[in-house]
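Chain lettering (A, B, C and D) follows the sequence in which the chains are written, and residue indices restart at 1 in each chain.
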Amino acid sequence: MKVTVVGGSGYTGSELLRILARHPKVGGLTATSTQHAGKKASALHQNLLGIYDKELEVMDKKTLDADFVFLATPHGESMNIAPQLIENEVKVVDLSADYRFDDVKVYEQFYSKHTSPDLCKKAVYGLPELYRDRIKKAQLVANPGCYPTSVILGLTPLKEVKELELNRITVDSMSGTSGAGYKPTEFTQHSEVDENLKVYKVGKHRHRPEMEAVIEEQLKKKVKVSFTPTLAPVIRGIQSNIHVYGSTAVDLMEHYKKYYKKEFFVRITETPCIKNVANTNYCDIGVWYDQNASQVIAVSVIDNLVKGAAGQAVQNMNLMKGFDEKTGLECIAGHP
Amino acid sequence: MKVTVVGGSGYTGSELLRILARHPKVGGLTATSTQHAGKKASALHQNLLGIYDKELEVMDKKTLDADFVFLATPHGESMNIAPQLIENEVKVVDLSADYRFDDVKVYEQFYSKHTSPDLCKKAVYGLPELYRDRIKKAQLVANPGCYPTSVILGLTPLKEVKELELNRITVDSMSGTSGAGYKPTEFTQHSEVDENLKVYKVGKHRHRPEMEAVIEEQLKKKVKVSFTPTLAPVIRGIQSNIHVYGSTAVDLMEHYKKYYKKEFFVRITETPCIKNVANTNYCDIGVWYDQNASQVIAVSVIDNLVKGAAGQAVQNMNLMKGFDEKTGLECIAGHP
Amino acid sequence: MKVTVVGGSGYTGSELLRILARHPKVGGLTATSTQHAGKKASALHQNLLGIYDKELEVMDKKTLDADFVFLATPHGESMNIAPQLIENEVKVVDLSADYRFDDVKVYEQFYSKHTSPDLCKKAVYGLPELYRDRIKKAQLVANPGCYPTSVILGLTPLKEVKELELNRITVDSMSGTSGAGYKPTEFTQHSEVDENLKVYKVGKHRHRPEMEAVIEEQLKKKVKVSFTPTLAPVIRGIQSNIHVYGSTAVDLMEHYKKYYKKEFFVRITETPCIKNVANTNYCDIGVWYDQNASQVIAVSVIDNLVKGAAGQAVQNMNLMKGFDEKTGLECIAGHP
Amino acid sequence: MKVTVVGGSGYTGSELLRILARHPKVGGLTATSTQHAGKKASALHQNLLGIYDKELEVMDKKTLDADFVFLATPHGESMNIAPQLIENEVKVVDLSADYRFDDVKVYEQFYSKHTSPDLCKKAVYGLPELYRDRIKKAQLVANPGCYPTSVILGLTPLKEVKELELNRITVDSMSGTSGAGYKPTEFTQHSEVDENLKVYKVGKHRHRPEMEAVIEEQLKKKVKVSFTPTLAPVIRGIQSNIHVYGSTAVDLMEHYKKYYKKEFFVRITETPCIKNVANTNYCDIGVWYDQNASQVIAVSVIDNLVKGAAGQAVQNMNLMKGFDEKTGLECIAGHP
């Protein structure tokens, strides 16, 4: 199967190439880059030396003439590429935010003017644990944001638990620096990040409306999420602490285990931590009831580049093409 | 002035020695250790080489015969030492939890049987920004826990803001590994901590009742804190994200600036982060109102070993002895 | 194929389980532990949750009755287990130092009394790039030390370059903390290691005689290595800087590329760095001639737990059992 | 005393401001910046919030009219500023390389065309432990490079040890990321540096000729240094491993202790490591004789921004102005 990654120079593109280079169903793998066309992929991503040394190419008719296309393009660019691919009946996973919102107005409020609003309705939100059946039939899948993936998976089982104030959700997330991308900034220099913790965009991060939209759709009610992200001195990983007030006597760990019983990539554990999911497509979740404060606390961890981006994108491709969902995604984290 | 540090081998003792070795009012500085008596302090704390090379001594009448004593002893041991010191009219700052609770029953629920409950009433909670006048006159000061210091300073100004649900407080804190102490454990090995984030004691950390007690005393009402600590891969520093629901139109940053206007060691900033307070006695605080979720979010950062332990202890000593509060504590964090 | 890992609780055992759990030729995988028998492997190595949840077992006749046994046991213990396995015609890779030295006297000088000296002659040094043919036929393979693997691979091609003073080799190596093992020590606590670099055992590390022995065997001459290891604040990885004086006009990069042309796991690059080999079985090498100082500098990097231990052990197993050498070892490092 | 820091926005400028803001002899402290003039120093260096909030100014007659000027300017810019200052009889420490070389030709080979070669002869190399008397009388001091400071201090005592091959010196240095400066680059992004070790400019770093020149001047003989720097995932600190072949029976640790007996900022220790000197002006040195390989190994550690830059610059200022050499420089590293 011929696969093209549009946007092969960034960290998401890099991670897609890493997974797809070993994917048994992928034959011709091509990557494009506006800025770095002509360079070897392994010159930019030196981990791929001897593994994927092909040159990054210009995006054009030839490179887009594939069986499957991943758009690892910035927000606002995917919408200029996807419509033609859909017309050509190429299946597409878009890793940007462009098709994540049913309601184009919300997208336009937090991102920019949308140039293909019609496709938004057609696109399926690519969280397989919630929307597997729809994804199987989709031609265009909008791959979820990293923070939303961790929060939605950590929260959804609570919809079956009564007496919780699910309209008000408080989330504290910590993210590694790979989430900020490859482009150097003062905010993400080693000397600025190491031995540091930095809160940013408090209450203003645009992953918040994405979470709210999906949670509302799941809960069938209006929901407000207060979302506070912190940059932590790790490369990969997101930990989301999800707080919901309410009163319950349910054994929450058992409930979560049962809820996700059939999900290969969700594990329930007393000790969720990002190292156990680093480089993998797993989402590990722990959940506790704080009797004193009458609060449920769910802690959800993922690798932001795998389950939070490239891994989930490949999981979606597997579903869309009828492959075993796990194909190419069986990497295990190291200990230590 | 002769000063003795009881418990000079741990990280809190180490930090006390570092500060006191350069304190202009401290003449004879002695440190004791049960396990390491006879070793040079600078053999254990190699940063002190050429600066404080004296041997750690056995705790006895001679070493306790000082003008001022810091008890950097484990919880449960301070209460065996303090009573005699108080009787001898030696001024004492206890860095353990032994005298932090007015209500001995709460202490005994979370720690152990108390052997000098009478002294608990006499001890003053050593948070100078809240209890400066009482500290000045105290003979025994109970130095606050690190997490409570960050949370209480970050929260207290909200007591003057109306319409907040101050009876329910959600706190997510991240702490560096020095908070776990010098004793090696599997939980704090470099290979287990680095590139990792680990939630622990969710809803069960014993700093929670300490926070609740002080906040209730400040707010004059019953309060429930839901407290979730996370171990982060940094050595020093605590970041506490404090969440309170409610509706307010107050300019919170301005309110905090005004509230702490006279406090040298509290700084209000849009960019609180632990590196700016590392190795210093500062507490930096940012505060935001999340209009969408009707929630106040205050972010408070300290160095857990300085403002969260040894620095605050010296600040208390300065007050108790009538020195300028800042003496010996003017260290500035580095950038980077 | 039934495989047993003796010593499944340490980091080397953990890494063996991670690789073997996904190895297509391995059917019944058993791990033993003296200290942790009865615990689930995934309780100790939480990365294995849902992947390898079997209990660690007691080492006994039943667990040793396998088609292949890895001894991930401490130095001095393997020699008590290997002889019986060899008698039972079980193929064995020993990851300790017990069978690395042809000359038992050298072993006894740096380690301890040897109880099965005869087997030393029979054992093959398990560096496939040097001894592939012998390994294929071996029943007992002594898996090399991590530092020696990096140094020997980085140095060997120089034996074909004339005019070098190959009898005197200076090596500076930096290692991550996983090399120190799972057992907590003050030396390897996060708070002691992070933001730090620590030289240790200068000129006294026992990997030095191992390097010397193999290099002498390769070069057919007496060699002295000066070896200085430094602990660096990373979890995985060794970088060895190898210095040899001499005068040469050879294009060293080209020479190394040619020398290792057929080796899948050795890559020659201008930018060797440990992240490119982390979690993989690759050894990346760069080599330069410093004209000013008349010195060759070769820089060799590996993951100490993979090519430096478990990965190389599985590579050896693949050779000993006639499988494709790469089986189970195709993991690619991440970028970032 | 009025002091101006030209170039207050970089890391060296930041560190100068941190030290000078607490220096008891410094009254009017001004900092300039080409790019950031008009911004508060504490907006750029947030550690200085509430401590040094003055605006960065334009460099002009007024700001240069000071009692003392530090040039924390890039190589090639200092030479455009220093001559006028010297003419105005302002004392100057230049932290760039512009006046470090007696031989302008060497400077021009490794840096750029020199526009004030005459001043090179007048400038004194600002390593107080070697050139204290000259510095006291100097009007222009060239502050040494960070790597050369660590290497020269670590090596110099060997000039009194016989039978060493001091014409051939091998140095492996590891440096933290602050050495690369404030300007973001892909090479120094957190996600690229963390969990990584990266060798760079092997045999080509321009600190090498600086070391050679000073060592030759000290040893009165021609010397070749082979210098290999590695970027390590720490913010501050340099460790230099210095290798010299030869045969000696001297107790090297004792010799070094004696040699540096009167030096406050040099400490001899069995356990040199960068954390013990971080944020301080100390240089810690350990030295060993590797009998097996007939090699002396000296390990020298400094904080690249303090003893390797701003601290040493202030030490030079203290000497040039007749203050106690230690003034403002008594900061102690933390443990941990």
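Convention: a contact is a pair of C-beta atoms (placed from the backbone, for glycine too) under 8 Å apart; a residue touches a chain by one contact, two chains touch by 3 or more.
Because the structure is a prediction, the values reported are computed rather than measured.
By number of C-beta pairs in contact, C-D leads when C-D and B-C are compared.
Across the assembly, the mean Cα position most removed from that of chain A is the one of D. Chain B and chain C have CA centres that are 45 Å apart. Measuring from the averaged C-alpha position of chain B to that of chain D gives a distance of 36 Å. Distance between chain C and chain D, defined via averaged C-alpha coordinates, is recorded as 39 Å. Shared interface positions of chain B, defined as residues touching 2 or more other chains, are 11, 177-178, 182, 189, 191-192, 194-195, 233-236, 271, 273, 275, 336.
Across the interface of their complex, chain C is touched by residues 168, 170, 172, 174, 189, 191-192, 195-199, 202-203, 208, 224-228, 230, 232-237, 239, 241, 243, 245, 271-275, 278, 286, 288-295, 297, 299, 301, 336 of chain D.
On chain B, the positions that touch chain D within their shared complex are 11, 14-15, 18, 21-22, 45-51, 177-178, 182, 194-195, 235-236, 264, 267, 269, 271, 273, 275-276, 279, 284, 305, 330-336. Across the complex, chain B meets chain C through its residues 11, 176-178, 180, 182, 184-186, 188-195, 233-235.
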